[in-house]
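See the structures that follow.
Two complexes follow with subunit A in common, the first pairing it with subunit B and the second with subunit C.
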Partner chain A sequence: MNSQWQAKRTKLNHDWLKNDFLRRLRAFVSRVEDGAQDAARLEEFACKHWPEWRRHSHLIRDMLIDGEECLSPRQYFACLPLSACPAEVKSWLPNLIHALWLVRTDIRRHNAEAQCSLNRAEALFDELSPILQHASQNLTSDLAKSVGQLREFEAAAKQLGESIGRLPHHVEVV
Partner chain B sequence: MMSLPRIIMVDDQYGGDEGSKRNSLREDLCSTVGLNDVTGDVAAIEVRNPIADVVFCRGQVVEDGRVRNDLDGTLKAIRDGWTSQPRWALLLLDLRFKTEEGNDGAQASAAEGTPEYFGLTLLEHIWRDPDLRSIPVVILSSMSRNEIERRFADRGVYDFVDKSDLTRERLQQVICDHGLIESESMIGHSVPFLNCLREARQRAKLGTDNILLLGESGTGKELLAKYIHASSPRSHRPYKTVYTQGVPETLVDDRLFGHERGAYTGAKDSVAGAAEQAHEGNLCVDEFGDLPATIQSKLLRLLDKNIRESQRMGATSDQIRKLDLQVVLATNRLDILDAEDFRKDLLFRVRIADAIRVPSLKERREDIPLLAEHFVRKCEDAFKSTLKPERRTISPEAMRALCDADWPGNVRDLEHAIESAVYRFPKLRVLSVGHLRLPGRPSSNPNTEPVAAYTPSSAPAAAGNLQDILDALDHLEFSGSAGERFLWTGRLPELHATLSRSSAALLKAALQATRKPTPDNPDGKIKIHPAVKLAMGDEKITASKAADVVKRVISMDAGVQEESIADPVLGEAYEIAVRLRPKAARRKHSKKRS
Partner chain C sequence: MLNICLNEKNGRWENANDLGGIPKNQFNAALECLRKRCKPVKAVDRFDSNFLQSKIHVVHEEDDAIIFLKEKLHKGELADDAIVIQVSRGGRPGLANQEHERWNGTKCRAWLLKVRNHTVLEQNFEAVVALLSMTSSDAEAIYKNDLNKVSSVLREIFTKQTTTTLLAALAILCQGYLAVQAEPGGESANRSLPEAVKTALQDMGWWDIADSPMLKPALQGEDEGELKTLQTKVASKGYWDVLGIRADLEDACAREWKPTAKDKQLEELKNSDEFKSFKKLVTCNFPVKDPTIVANAYLALHEKLGGARE
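Right after this comes the complex of A and B.
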């Protein structure tokens, strides 16, 4: 469970959000800010890369929801050797370990921060999407008014990436 | 114009896509960060005001439609660009490389052990290879720093940059802090030299440090001090240098700390020393190793970063000034820590362990061709009117000889050798081995003896003795014992002649020291104005006043005047002075001669 979740995080956070989407978004906003008359590149982002947010944000939300359970050391009671523990022990020990782990990793706070950044980014995405979709050929001047919002969106997405990065990378011994 | 620093970015994302004519992610990176893509694999976009040239290396190959990490190929690309010029200023290294199997490291379950990343494998190989170990490596990754830091911390990595934080300013900072970058003011591209510049920049950045420069004579310590000033946050504030070698103790004190009015005979006004003049800027104390003991103790308070106090000569304790500056101290005494004549507490205050070592020319032979070409151009520019207008070149044999020579006087020696060759053979376009006066090699033209070198080694002792004599005379009283009276009775003419002879000798030394060789006169023309400036320590003295000084010194004593006029150097100087200021002196001169 843990390794699958880690792989999902790598794919969504490292590969897509940080290494792809944010880089393209930053270049897009810089071009808009600079007033660069490079309609082809602006349109390429608006039509091809911007809409990817919607699909990925859902996957990120699901990943965050699963995070606590998938990362908890409690999962090891489902397989050997810990699954061989007496039922009486299993009735309380996994939960105790989980509770101690929560305190130690502060995962709920990191998760809440990530959710908060995701919500903020989602709200801004909803506001910005119509502007990007309906922008005329002269994207630069149409979008110039929305640069502030775009920067806010970029900051929220960056914050989201950082919060996801703070979630545990290993199963920690408690 | 300086070329841009050249960096290599090893990252699977920015490598050229197979069969694709453009890499949009790379274009985005270049345009936002300000990088000039010189990889040459795909069409590069034009970037306004780039901060560096960049070569992208994917670190992977595609074989039979499958992507795999390419350790040997990547190391070769890194090595090729490191051993040729311009060499990499910086290596930006990604950690995770995506292959057909997914991200490396991702397959390994956390519970199964430590995941391996291709970036770390590359780093390990670079670290283990003595030829590549000096490459400044900065990690550029989207991974969480905490997750990975302990695994690269002891592998010579200079910094970690989160890809999401890679902005133009951040990259500029990283290149400036850690990159091996050339300078317009200091010529050289060898690793030891560029390491020295980097260290200087890093130390200068604080702006409040005491920085000690250790290097053999002629290595360019003073230039490096100026470079530190230019790289410091105080670059727009004053920069002052104090030279201490061969300067009497009281004069060092005066130059460094200044004096109050009436501090000594002739101190008509209060004058600020170099330390005060450098307030809010940078102060450089050249030949710091030669500072007399009394100045060392006075300097302690200036070097204490919590105090930074300067006291002028003759100042009372309530006249002490608090200063805010950075102090650069330069010395060629490489063994200064073991020197018995130097205060250890002073050395602790300048953090001798952190001293910047300026490499000798032997340690940076790779720079000799670059320096030699630079000095040839410098001579040509300085003497445009007299030299043949064509550009000169140095023959390959001569360049080899220059590279193999010993250069005990370092860069300064090399500059003199080139200067001398250009001036002695002004009509030649190619300088060959025979034209060069290499160290330890006899002159190629026996009729042209090298200009007598100014040897400051004896100067401190002489200056010290002179000061002793002056001090003794200053406090001389005829009220002493009969023996003392006997000692001084009737000695005035002798003293007068000695003073006259000593003054003439000092003037001659200054005339020799300020001779500058020209194509017409390889020994150097005698110029009285700069010589008198030097001897008097007065930069503001006019040419006519200088002529008066020469006349006065030479005609102070009849016997000495005759000797001086017979001397080729002093005789010529006297002639020049008389030409400039003919009145009186001419009469006196003709009278004396008759």
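Right after this comes the complex of A and C.
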């Protein structure tokens, strides 16, 4: 459970968000800011890479929802040796362990920060999408008006990546 | 005569006590069952001249029989579509994650299948029967992890098991034990507890959750009688027994504590100060009456498993 979640995090946060999407986004915003007349590249990002956010943001949201359960030491009661605990012990010990883990890791705060950045990025994405989708031939000048929002979106996405990175990297039992 | 090749590490099967930790009597009962159900069955090992006719070979994880069988395969001397089954109980969780193999020789082929769940073989000789009467189509389905195509018993044997380390499991049991020792009323009501217990409770985060709705009412101080019952239960053998055979526990934990250590280093570790308080817990008698023993073991685990301290 934990290893699958960690693999999902690596794929979504490290591989896609930080090393793919954000790098392309930064280059895109810089081109817009510089007024570069490289319409083909701007268009490529707007048509091909920008829409990827929508699909990935849903996956990230699901991952954050699953995070608490997948990172909790409570999951150890589903596998040996603790799965062999008497039912009476399982009626109270897993919840106790989960509650102790919550206060030690402060995971709900980190998770809430990540959700907050995701919501902010989502809202900006919705505002920016029509501009990127319907930008005319003169893409640079159309987009130049939205540079501030693009930078805000970039900051929210970066913040999201950092918050996801702060979630535990293994199941902490002590 | 159906030959089934059983190889325990380095020795004759007739002198072996077990195979990869699975008791010999489980295999004998299974062989007897097969004899009654179908045809004459004989247990051979690789020292028998007729072992090459065996369709089923059961080998131990570290057994050099695997190398031996591979050589025979490449010489074309192995029965075609032979099924080699690797078993190993406890202490070698790596086997559970290794992939099955398909061996291709010039004249014959074989499968090497890794048993994932040894407990079922130890507890149910019918599972051993299923293992020893496996067919080529079963082997192919298991090799491809297409477990819906095999019987429920084989599915159980070859389904990957997830395991928790013993040290993590012990840390969890210690927390349960210690939480039950605290009286309701938070830190101020527990000044009389031994220092080690107070420190352990602090490190666990107990004082911050004492009134959490996730807790059983007895742990929130709402049922004193039930709390006393819990205190008895967490001190009992039944609570700690899930960790396995008590006599093996110290050794198994030492191996996890220092996975790279060889036998001599393990002995040194078991006598070291670092391991001392932990050893006391895994070797003490039941019921565990002294909470300091558990607290000190927890603090050692806290240090070992990298817990934070305010």
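We adopt the following convention: the second predicted complex is superposed on the first by the 174 of 174 C-alpha atoms of A that agree within 3 Å, B and C clash if a C-alpha of one lies under 4 Å from a C-alpha of the other, contacts with A are read in each partner's own complex, and residues count from 1 in each chain.
Following the convention adopted for this analysis, a contact is a pair of C-beta atoms (placed from the backbone, for glycine too) under 8 Å apart; a residue touches a chain by one contact, two chains touch by 3 or more.
Bear in mind that the values here come from a model prediction, so they are computed numbers and not experimental data.
In the three-chain model built by superposing on subunit A, subunit B fits alongside subunit C with no clash.
In the superposed pair of complexes, A:Lys158 makes contact with subunit B only, with no contact to subunit C. Legend: residue contacts after superposition of the two complexes on their common chain; A:Leu80 is shown touching subunit C, with no touch to subunit B.
Once the two complexes are laid over each other on the shared chain, residue contacts for A:Gly148 go to neither subunit B nor subunit C.
After overlaying the two complexes on the shared chain, residue contacts for A:Glu88 are found with subunit C alone; subunit B is out of touch.
By the touch criterion defined above, A:Pro130 reaches neither subunit B nor subunit C. In the superposition on chain A, A:Arg24 makes contact with subunit B only, while subunit C stays out of contact range. Geometry note, superposition on chain A: angle between subunit B and subunit C about the Cα centre of subunit A is 100 degrees, to the nearest 10. Least inter-chain distance for subunit B and subunit C in the combined superposition, rounded to the nearest angstrom, is 7, based on C-alpha atoms. Counting contacts by the rule stated earlier, residues 171 of subunit A appear in both its interface with subunit B and its interface with subunit C. Residues 2-3, 6-7, 10-11, 13-15, 18-20, 22-24, 26-28, 30-31, 41, 44, 158, 161-162, 165-166, 169-171 of subunit A are the ones that touch subunit B when the two sit in their complex. Across the complex, subunit A is touched by residues 119, 161-164, 166, 168-169, 171-173, 175-176, 179, 203-206, 208-209, 212, 214-216, 218-219, 230, 233, 238-239, 242-244, 298, 301-302, 305-308 of subunit C. Across the complex, subunit A meets subunit C through its residues 1, 73, 76, 78-82, 84-86, 88-89, 91-93, 95-104, 171-174.
Subunit B makes touch with subunit A in their complex at residues 13, 24-25, 27-29, 31-32, 96, 98, 102-103, 106, 109-112, 142-144, 147, 163-164.
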